[in-house]
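Given below, in the form of structure tokens, are the structures.
Both complexes below contain chain A, partnered by chain B and then by chain C.
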Partner chain A sequence: MTAPAVPAGAGGVVVARRQPGLLRQILRRPDGLAGAAILLVFTVLAVIPDILTGPLQTAITATGPRLAPPSVEFPLGTDELGRSMLNLTVHATRISMVIGLLATLVTVLIGAVLGIVSGYVGGRFDALVMRIADFFLVIPTFVLAIILTAIIRDVLGTGSREIFGIRLSLITIVVVIGITSWSSTARIIRSQTLSLKERAFVDRARVVGAGAGHIMRRHILPNVTNLIVANAVLTFAGAILTETTLSFVGLGDPFQPSWGQLLDAARTVGAPGLGAWWYFMPAGVGIVLVVFAFTLLGSALDAILNPKLQSRR
Partner chain B sequence: MGLQYVLRRVATAIFTIVLIVLLNFLLFRAMPGSPERILLGRMPGVTPQILQETRERWGLDKPLVPDQLVRYVASTLQGDLGFSYSARGRPVTDVLAQRLGPTLLLFGLGEAFAIVMGLVLGAYSGWKRGGVVDYVGNGVSLILYSTPYFLLGMGLLLVFATGLGWFPTFGMSTAGATYAGPVDRLVDYGSHLVLPLATVALGLIGQYAILMRSSVIETLGEDYVTTARAMGFRDTRVLRHHALPNAMLPTVTLVAINLGYVVAGAITVEVVFNWPGLGTLTVDALSSRDYPVLQGVFLLLSVAVVFANLAADLIYGVLDPRVRT
Partner chain C sequence: MTDPAAIRGRRQWPLPKLADPTAPLLLVDDLAVRFRMPEGSVKAVDGVSFRLDDGEALGIAGESGCGKTTTALSLVRLLPANGRIKSGKVELFGIDLVPRTEQQLARYRWREISIVFQGAMNALNPVRRIGDAIAEPIEVRLGQSRDASRKRAGELLELVGIPRQRAAAYPHELSGGMRQRAMIAMALACDPAIVIGDEPTTALDVMVQAQILRLLEQLRRDLGLSLILITHDLSVIAETCDRVMVMYAGRVAEEGPVRRVFSAPRHPYTQKLLSAFPNIHADRRTLDVIPGMPPDLRNPPPGCRFAPRCPMAMPVCTEVVPPEVRFADGVRVACHLYPTADAATVAVPATPARGIGT
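Up next, the complex of A and B:
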């Protein structure tokens, strides 16, 4: 993967100081605006699912007929237990978005820390970290993620403990996504750090006696923040897709269904073969729209932060 | 392309494979339940003495490093990946070999279709930038790129198998069918292949088209293209002889690098269509917690991807003489 390299001039102090304007710049572009609008809708769904559709229905509280097509009472039909698909899909939005967000935070945290330290410190540590990053870039991380999730689940056991309102079984997915997808972030941040540390202001800080930790926190980090944000946007899309796929192969949690979990349930029931399109279309549309929105945002950010590309458009 | 370049690439590939084997070894240690317990199963009347004997017999009383590790690496090199839990007694290698064919068929063909169509679509949209094909193609590519493969598969299944009834819904052939002749057999297999193949191809076209488009656009801005135009060559000639060959270069590497991600899609498409390949095997192994099989799949796919990357690096070295290190 080629890093969307930001030319040395773009990541300077000037851009960092302009940061409040970044959002406005995004919204001024059609792709950025469309992406932000879609995400806003889904964020609202994720924040207040209870108000919109009532609490998450279970096999006990289900009231509808089994596997019924959309009707006035059940606008998106029902599943094989008679639960409203509208209710399930809206609640699944919350689970998918929260897991996506947490996984993005973990991924970007690992990637940014390793990238900055590796780039700044250099030497053997850098060589080692980059070797490991390359390793993760090459291997099919998804298969590794499946094995890791299964092992961690079996070791920890699946209790009903919750962190951030998310069951432990799903937190496992968050951690595994973080472990398996930090490498591209680390590479991108590292290459930017490499060019930053040669700049005069870093030299100046070093001359006046600033330590490595101080320089990385106060001088490097603020200058890679934009890059981290741009990278987080793309990571978010990837995290949602990975979570969806992991849930689809049976690693979801039926007690906290995400979009992927709903799709897995639809496949298990044989919804496509039964013609029950309402079972998987809503969740499917949700995934595609959210990932699409992040891709749009990503391209908007890329164009703003990468002036070389912008001038050619 | 110097000898040093080749050696360096081969060394990197070997290093990666060593890491994969090490990781596999560590994962095996991290698994819940001690190995001797798994070996003995839930047999009643297991005395400490039997446990000790089992441990000695399988070398589990020796230290983890180096004895157990050496033994693990040696047997892995000999193609001994252990035994499947669920398909009792069957060596993992056998299980994998049986599933490899269908996966290779599906993804070999799917990749080939997607690469050809994706590159053509991408090249054309990049060339006629801002045109109808570019506009529509780019939008469709982006949406396909945002769609999980299995979702695409479920959609195709719903429309073309359940709705229109044009194709069978699952498997690689009709169960229990007797064929009048080889043509019949081929038609049956072929009709089962269409939808999974279309899913894989459609799922991949998006990313290849996006890639090729940006690569072509980048190349069209190069000085040598401007020069060729200034020299009065026709547009098609400039595209075919000057822009395209150079635009193809980055795609070689990216196709190989993307293989690792493609594998994830592979797994899920097979599940949707009950295609009897490695993907379905993985999901079945996952639900029965058949770790030896899971690790076998991981090893096989990783090594395959590493080799594909090595091949891409070497091809790139031949195609682009500027690459030295």
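Up next, the complex of A and C:
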């Protein structure tokens, strides 16, 4: 053949017309853009709370008056110990976001691995995994989460030990969220895998001599990545809500202020009765905004990734 | 430019240990394939025999559902889960592949016999680059490093006429012809002795079809490949193959050198098939249609399977399976029109002489 002798990677590379990247597609849509913008703000808060509001205040380092309404010095008021609510809320953002992120990773990891393997391998393994998944889908998540938290706390202990620099109590919550929410991800990924494994390219790979592991990793996984991402977004919102609820009913870690923890503290102190709205509003608004942002992103992703909703071209 | 010698030299590795160097490349004898269906067993392939020599191209023709693809795929046992080889021999270099276990057989797949699948778009993973797809058999079958297999994938792309820079492209970024070329490159990845083309040019426009056929022709010459071309398009076979095997309802109707079979078809089915095909040189005329449908293979007619549709059917046709009659010009026909005694030679079920066209 008379292909020009151009070294690979040098000039003359044929640039293929490509669909714009997923991120760009998301940002083009108003819902995607809004969701991403809100999340960006909260991510910044979560990453650099110390720079924005100083180190986390404790009962000892608290400087303000008790339960003071918002003022110039304390824009969001103070709590019953005189700590700045702004400081607490921003630090709580970090904890909530970290738990949300870790729980999402755990959930999606379990869900994707079990979904792909179960769908591809099939047979008894599939039946077993799916019955377990059904169990978790049917049992009310929150009741199960409360029970599991208590059990896992017993097993792991409640001390201030740390694993990988994360307090044990947070890990407990992450594990609980992971256990209770992997099943829907697994089911979705499995159903997609079932249809993918019938496709000709999987047959071809098998003929060529690829093993099951190779096919799952190199053929199925890249094809369900979109699905995993879309699922992760929704799982993230759910994880933050679950964490909040668990903390609110007192199953969180009182030394780690998360949004749920703040709401719990507000309830304990009786902030609503005292009219101290600044105690619970910031955390509440934070939760609502983050969950809303993830929902917006989720709907944007759904519109982009779901071919049935697509009306491009 | 790629050094052709890097790819040529068909046997990059020695023959399999059990191989008999004097044996023909591929000898299929009395192959029978059954599909288990809820309604009963389907005799998809019933007593098919043929031979393929080094560098030869065999075309398998016939209408849909006559067992062309099943015959070819059963050579390396790539049948659907409900399909089984019931009896017969598939000898590659004199090694019978039928009794091999799945694991033993894997050694022959792609390394000795590879396949160009129909519908390149479906056979390529939409989210993987074609370079990686072509490198895959080299990696998993030959156990070569990622870099080495990528490099060879580039060479293979150039061999089939795609600039190696296009290895980074995704399937949807290539034209239909390019995708088919990529599929051919993939089939050549492990330097096989036999390439099976399963409708390799179907769904391509005529110009691209001609290009692909020319490419196959050229590769066969340059690499010393043997080809098995499955198609319902007789012109494709006429253009590329040395010999043609016309199948009907799971059996061989007629087999022989392409020129002999196409210029003087002996089996009524071959005659009908050819007259159902437009001829650019002949006068304008209405095309023939073969009335009726191929028989239900769960319960095929007892005698000749074509008898119910055959214009020349005789009483004996519906009762006795016609034996294969071999003629002096290398054609063998399974039809009662040619009694064994009248034929120039005795009936030989397998191993016809090599085609005139080679």
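What we mean here is this: the second predicted complex is superposed on the first by the 286 of 313 C-alpha atoms of A that agree within 3 Å, B and C clash if a C-alpha of one lies under 4 Å from a C-alpha of the other, contacts with A are read in each partner's own complex, and residues count from 1 in each chain.
By definition in this document, a residue touches a chain if its C-beta (ideal position, glycine included) is under 8 Å from a C-beta of that chain, and two chains touch if they have at least 3 such contacts.
Source: prediction; values computed, not measured.
Visitor: Examine A:R267 and indicate which partner it touches, taking first as chain B and second as chain C; both and neither are also allowed.
Guide: So A:R267 only meets chain B here.
Visitor: So in the superposed three-chain picture, is A:A200 touching just chain B, just chain C, both, or none of them (first/second/both/neither)?
Guide: Only chain C; A:A200 stays clear of chain B.
Visitor: Is A:V208 touching the first partner chain B, the second partner chain C, both, or neither of them?
Guide: second
Visitor: Mind telling me which of the two, chain B or chain C, contacts the most residues of chain A?
Guide: B
Visitor: Contacts for A:D154 in the overlay, against chain B (first) and chain C (second): which applies, first, second, both or neither?
Guide: Once the two structures are laid over each other on A, A:D154 reaches chain B alone.
Visitor: Thinking of the overlay built on chain A, is A:L137 touched by chain B (first), by chain C (second), by both, or by neither?
Guide: First partner only, chain B.
Visitor: Considering only the touch criterion stated at the top, classify A:A237 as touching first (chain B), second (chain C), both, or neither.
Guide: A:A237 sits against chain B, while chain C stays out of touch.
Visitor: For A:I48 in the superposed arrangement: first (chain B), second (chain C), both or neither?
Guide: neither
Visitor: Could you look at A:R218 and tell me whether it touches chain B, chain C, both or neither (first, second, both, neither)?
Guide: In the superposed model, A:R218 contacts chain C only, not chain B.
Visitor: What is the shared patch of chain A, the residues that chain B and chain C both contact?
Guide: Residues 1 of chain A touch both chain B and chain C.
Visitor: Using the touch definition from the top, list the residues of chain C that touch chain A in their complex.
Guide: Answer in residue numbers: 1, 76, 78, 106, 109-110, 115, 117, 119, 122-128, 133, 136-137, 140-141, 154, 158-170, 173, 186.
Visitor: Which of the residues in chain A end up touching chain C in this complex?
Guide: It is residues 1, 3-6, 8, 12-14, 16-18, 199-201, 203-205, 207-211, 214, 218-219, 222-223, 225 of chain A that touch chain C.
Visitor: If you look only at chain A, which of its residues touch chain B in the complex?
Guide: 1-2, 131, 134-135, 137-144, 146-148, 150-151, 154-155, 237, 241-242, 244-245, 248-251, 263, 266-267, 271-275, 277, 280, 284, 287-288, 291-292, 295-296, 312
Visitor: How about chain B: which of its residues touch chain A in the complex?
Guide: 12, 15-16, 19-20, 23, 27, 30-32, 142-143, 145-148, 150-151, 154-155, 157-158, 161-163, 169-170, 217, 221, 250, 254, 257, 259-261, 263-264, 267-268, 271-272, 282-283, 286-287, 289, 291, 294-295, 297-298, 301-302, 305-306, 309
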